[in-house]
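The two complexes that follow have subunit A in common; it is paired with subunit B in the first and with subunit C in the second.
Up next is the complex of A and B:
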């Protein structure tokens, strides 16, 4: 099982952070693929709300999108920041892990960083290194 | 309602704290400096509000991350969250929600660590010393797509018997047109 890439989007669809792992053979490191990805997430959010038999008490609907070749895990915060991770399809749901990234890494090292301006791309060193080691520590991360 | 009070209490217990006197004194020093820099009282009020907005837009993420309370996009629900969770988490006090209607509500509170040792001199009668709080509330709600207007209607520093912040609903911002077409 492997992790392919990891992205953070802000509410207006800007990709704040992108990280690609060696397992991804076709690179998604370009603004066009981020826009496509954001468009998909945005559409899916509306669709999943529309299809819901009853309103979700947590206000969240979308958890993951699974295909034969990959699986997208999504987590959206109350402030509409989206965390997305793309993995091998056999990986179990990473929703909770994305919530942990938000709670313990994004809030602590990005939001609380006075030098970081909301809406800018994230280049906080602490965040980047902690995130990298967190992702590498996940059981689903294995070098292929 | 009761569980908001509890999550506020829990978050407060877990949070790192600073001495409240240091907090009051640094806030006071900051307000005094802004008064020197801008000279005009109305401008000082505006600057405090703007600073608050920047603070609020960051605090909201911490609030959700630390308490895990569900997303409330309903304006009236935000009153309890601000009063019982937000105030408790970041100031160590709780506020009461007064006259909640779908269009506006008031938050009242008596204890306020920000105004310890503060007396307003006569020439600052129009200074809204804690205007930062209004900005915080506005900035925080803006991040959850709720636009509000927020101001002090009663202020103990100016001789009122309680502090009262009035929050008025302006609009719910949709994320984009795409959401609307599915809603």
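Up next is the complex of A and C:
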């Protein structure tokens, strides 16, 4: 079980943060990949809302996308900031972990950091280091 | 002991408002020094009023050492959410209050475009508060603060002036 990438998208589709772990041998560290990823999530959001058999009380539909090689977990906040994590397919749902990252790391060390301007790429030292240690502490992370 | 009111201010509200205040003064004044002076004056007035409010149940505090003890053990935990970590002196009218996890600046971290110096403007208002509290209790002291490596570790330097030098 392992983690490949972690991304944060802002409401207008800009990739604010991208982190790749060594397990991902095919690097997606380029703006085109991020744009493709955002396009997919945006399209899937509309599709999943349209095809829903009954309306969701939270307004959220897309939770994760599984393929044979990886699983994408998505968490969208009320302010339309999207947190995406790509892991191997056997990983259990990471929705709560993404919510924790939003509540305790993003809000505390990015939003409350007066030196960070909204809309910039995130490189706040405290956020980067704490996010790294949080992701490495998850049981689904194994450095292979 | 300072009585706790039932209505508490949201800490997030205070942090975000303080951040906007600093950014406003830095952009609205011609020089950084005049912005800092104005923020310190604001903090001074707030500190004076806070000291009035928090000493309403105390008798007269006359000795500068007593004032320093009041600021360290009673005033600081209420205004800055937690007690400070240590109080040291150079035995020559300089006292140092160290706070290893200063709540008002612990969320600040440098980015690729900013430095620790940019973060230092966030200590001016708290310094003003402490200076105002001393002044309200009739002690003339100057208060400066610096970061020790990271924005959460702060060292406040209190310089007692004139006849207000505390004697042990």
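Please note the rule applied: the second predicted complex is superposed on the first by the 144 of 144 C-alpha atoms of A that agree within 3 Å, B and C clash if a C-alpha of one lies under 4 Å from a C-alpha of the other, contacts with A are read in each partner's own complex, and residues count from 1 in each chain.
In the analysis below, contacts are C-beta pairs under 8 Å (C-beta built on N, C-alpha and C of every residue); 3 or more make two chains touch, one makes a residue touch a chain.
Remember, it's a predicted structure, so these values are computed and weren't measured experimentally.
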Partner chain(s) touched by A:35 [first = subunit B, second = subunit C, both, neither]: neither
Touched partner set for A:112, first subunit B, second subunit C, both or neither: both
Partner chain(s) touched by A:59 [first = subunit B, second = subunit C, both, neither]: first
Which superposed partner A:46 touches (first subunit B, second subunit C, both, neither): first
Subunit B versus subunit C as contact partner of A:102, first or second or both or neither: first
Partner chain(s) touched by A:136 [first = subunit B, second = subunit C, both, neither]: neither
Contacts of A:125 with subunit B and subunit C, given as first, second, both or neither: second
Residues of subunit A that lie at the interface with subunit B and also at the interface with subunit C: 112
For the subunit A and subunit C complex, residues of the former touching the latter: 108-109, 112-116, 120, 123-127
Subunit B to subunit A touching residues, read off their complex: 57-58, 60-62, 64-66, 70-73, 143-145, 175-176, 178-179, 181-183
Complex contact set, residues of subunit A against subunit B: 11, 42-43, 45-47, 49-50, 57-60, 77-81, 102-104, 106-107, 111-112, 118
Subunit A-touching residues of subunit C, taken from the complex the two chains share: 12, 15-16, 18-19, 22-23, 107-114, 118-119, 122
